[in-house]
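Quick heads-up: structures coming right below.
Look for chain A in each of the two complexes below; its partner is chain B in the first and chain C in the second.
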Partner chain A sequence: MNIRLFGITKDIIGAESLQVPNDLSIHTVRDLKHWLYAKYPDIKSLKALAVAVDHGYAEDGDKLSPGNEIALIPPVSGG
Partner chain B sequence: MAKVFIPTPLRKFTDQQSDIAIAGATVSEILEQLVERFPSLKQYLITSDGQLPPFINVFVGEEDIRNLQRMETEVSSDTLVSIIPAIAGGSEGVILSKKELARYDRHITIPEFGLEGQIKLKSSKVLVIGSGGLGSPLLLYLAAAGVGHIGIVDFDSVQDSNLHRQVLFGEEEVGMPKVDAAKKKLESLNPYITIKVYKERFSFKNALSLVEEYDVVADGTDNFPTRYLVNDVCVLKGKTNIYASIFQFEGQVSVFNFKDRDGNIGPNYRDLYESPPPLGLVPSCAEGGVLGVLPGIIGSMQALEVIKVITGVGQPLSGKLFTFDALSFSSRTFMLKKNPSNPLTGKTSIEPSLFDYEHFCGFHNHEIKEITAEEFRCLMGSGEDYQLVDVREAHEYYANNLSGILIPMGKILNCSHQIRRDVKVIIHCKAGGRSARAIRSLEEEKGYENLYNLKGGIEAVMACKLENA
Partner chain C sequence: MIKLVKEIDLNEAYAALQHEEAGGISLFIGTVRNHTPGKSGVMQLDFEGYEPMALKEMEKIASEARNKWPIKQLVMIHALGEKKVGESVVLIGTSTAHRSDSFASCRFLIDELKNSVPIWKKEHFEDQTVWVNAHP
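Coming up: the complex of A and B.
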């Protein structure tokens, strides 16, 4: 699964996108969040983070499959 | 004699008369008589080729003349001839002068937009919160487009470091309150609109009353507490919130709390982000930087959505989040939905603490002591012993510093032994955000009581030096 990163998540993870190994048991958005939280504690402390799956806002219980396009969209406040 | 009914917007040309008795056998003859008596009506009633303009309908009795013989429709005496301009509700009485018709000609020419769209713009009231990077193009385009009443809220003054993106201002306005500079510029751009300014912070105290008198709100603020406040007030007051936000090379746009024709209300900011990130984690433009042209692009899109929402032309960006990445020149639109745990509109009831914006955004966990750039200059020259700590990152420090000791924000607690307790300690970063967070951590975790936040950070000191140079 490939995750497209936006805003501050690029800085936290240090890349434009992130590849999630297929052998991990990530089946839902919740699983993905927990994996990210463990790997990147600053993602957890963001508190506000939208996850989009195939161009739609996803909820924690939503299922993920290998072909999904995932995006992490953190809030931005600049004006 | 037939009786002609004149609608409110046209009565200013008929000495306020609403019913006028006119002799004539057909609609054509009656209208000719009418414009002969009131010549200034002509531009609204008869085109150069003797036809009705597309925005005017005429009824004989209860029948539209388009269903009869049009201009040649016969009118018997004592019949009521009604002139009904195509104007949406709320626009009653609003009319465009000849000069305005000329000014907005290219709008009026667009079939989907037309005179009706232009009149809706003139009748509308838009509150723009923040007149900075996004506010600049937003205000310029709203004013140019002919939005009749524009309110601007901003407490800040124009700074030199604003000018690379805030194209509303010029060098001669540095130091001037932004709202005053904006009003002057916009009034010179378009004399047919009114600009009302509020030189104050958009806060919990004034938010409800400020929003009340406007139809639409456009959020161009630069911090999370205000963004949540704008959102929540719009939800409470039933106003559409045209949202845009930027960070370095990226922008976001959406239309929140939009009520469609069927009365359904779209998602709001809290459906996207229920609660804000902790202070300092997501940098502001002052801390993280922003490419100057980016707010130009994103703020123009925001203006577009304001205009669409007002006129009802097209499909507004409700229920969608548009994102733009200038580096890869890619844009994506994500579908939003209502979040059941949205504290405003979801299943759970509202907790009052959610409205203590600055608190929940981590701003005022407790008050910290501050020192201004000017006071800091005095301290430097006073001979009093003090310590200066810079909590920025190493690359920022080596680019430019005030000769303080460098302890980056992330290491502040581990390196706190380097911070003295016996003298005044001034802590600074670029603009004051990170240093405030550092002070709170040191006070809470390490019991410091002698720390002062340098207000406005190194930027304020540099600006102060320039002023005194």
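Coming up: the complex of A and C.
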């Protein structure tokens, strides 16, 4: 599963995108967040972290599948 | 007119807001200021956007505004890339029959854009760079 990164999440993870191994049994947005918090503790210091699935904000219980476009959305600051 | 651009064209936006049933046009233009709370000396801002999602969120906000107010024309334009102090980064505009609706809808559009549209700004100071709003 490939995750697109934006804003400060690129700096924390140190890449433009993140490959999540398929054998980790990450099936939902919640699973993904827990895995990220453990692997990249600096993400926990952010004001918030949202996950987008197919260009829309996803809820923690939403399912993830390899066909989805998944992205990390740190706190936005446009305007 | 909803789009992401490198440079905001005020004349193009103004032309898109013209409507013969409109009695008023409100325009909000957000610009780069030279300071941030507690720190002066902002030299430059970089705007990054998740473009397809940003456009989708902007369309969603626009349609909410159209459900709330009788809007004749609507413009939401955000710039991406490097911006210097004084340059325009966002332009919101609505035209309506009466001014109260154009003021209110314009305010709603910029407030909602700042809440949910996936665009990020990085401030460059002489000695450091900071992603705005990232930390509590």
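We adopt the following convention: the second predicted complex is superposed on the first by the 74 of 79 C-alpha atoms of A that agree within 3 Å, B and C clash if a C-alpha of one lies under 4 Å from a C-alpha of the other, contacts with A are read in each partner's own complex, and residues count from 1 in each chain.
As a convention for this text, a contact is a pair of C-beta atoms (placed from the backbone, for glycine too) under 8 Å apart; a residue touches a chain by one contact, two chains touch by 3 or more.
Worth saying up front: this structure is predicted, and the values here are computed from it rather than measured.
S.K.: After superposition on the shared chain, which partner residues are touched by A:P41: those of chain B (first), chain C (second), both, or neither?
M.R.: In the superposition, A:P41 touches no partner, neither chain B nor chain C.
S.K.: Contacts for A:G14 in the overlay, against chain B (first) and chain C (second): which applies, first, second, both or neither?
M.R.: Once the two structures are laid over each other on A, A:G14 reaches no partner at all.
S.K.: Going by the contact definition given at the top, which residues of chain A touch chain B in one complex and chain C in the other?
M.R.: 6-8, 45-47, 52, 55-57, 71, 73-79
S.K.: For chain A, which residues are in contact with chain B within the complex?
M.R.: Against chain B, the touching part of chain A is residues 6-8, 16, 42, 45-50, 52, 55-57, 59, 71, 73-79.
S.K.: Could you pull out which chain C residues touch chain A in their complex?
M.R.: My answer: residues 30, 47-50, 52-54, 56, 78, 89-90, 110, 113-122, 131-136.
S.K.: Across the complex, what residues on chain A touch chain C?
M.R.: Answer in residue numbers: 4, 6-8, 11, 45-47, 52, 55-57, 71, 73-79.
S.K.: Which of the residues in chain B come into contact with chain A in the complex?
M.R.: 130, 132-135, 219-224, 227, 244-247, 250-252, 271-278, 281-285, 288, 290, 295, 321, 323, 325, 328, 332-337, 339
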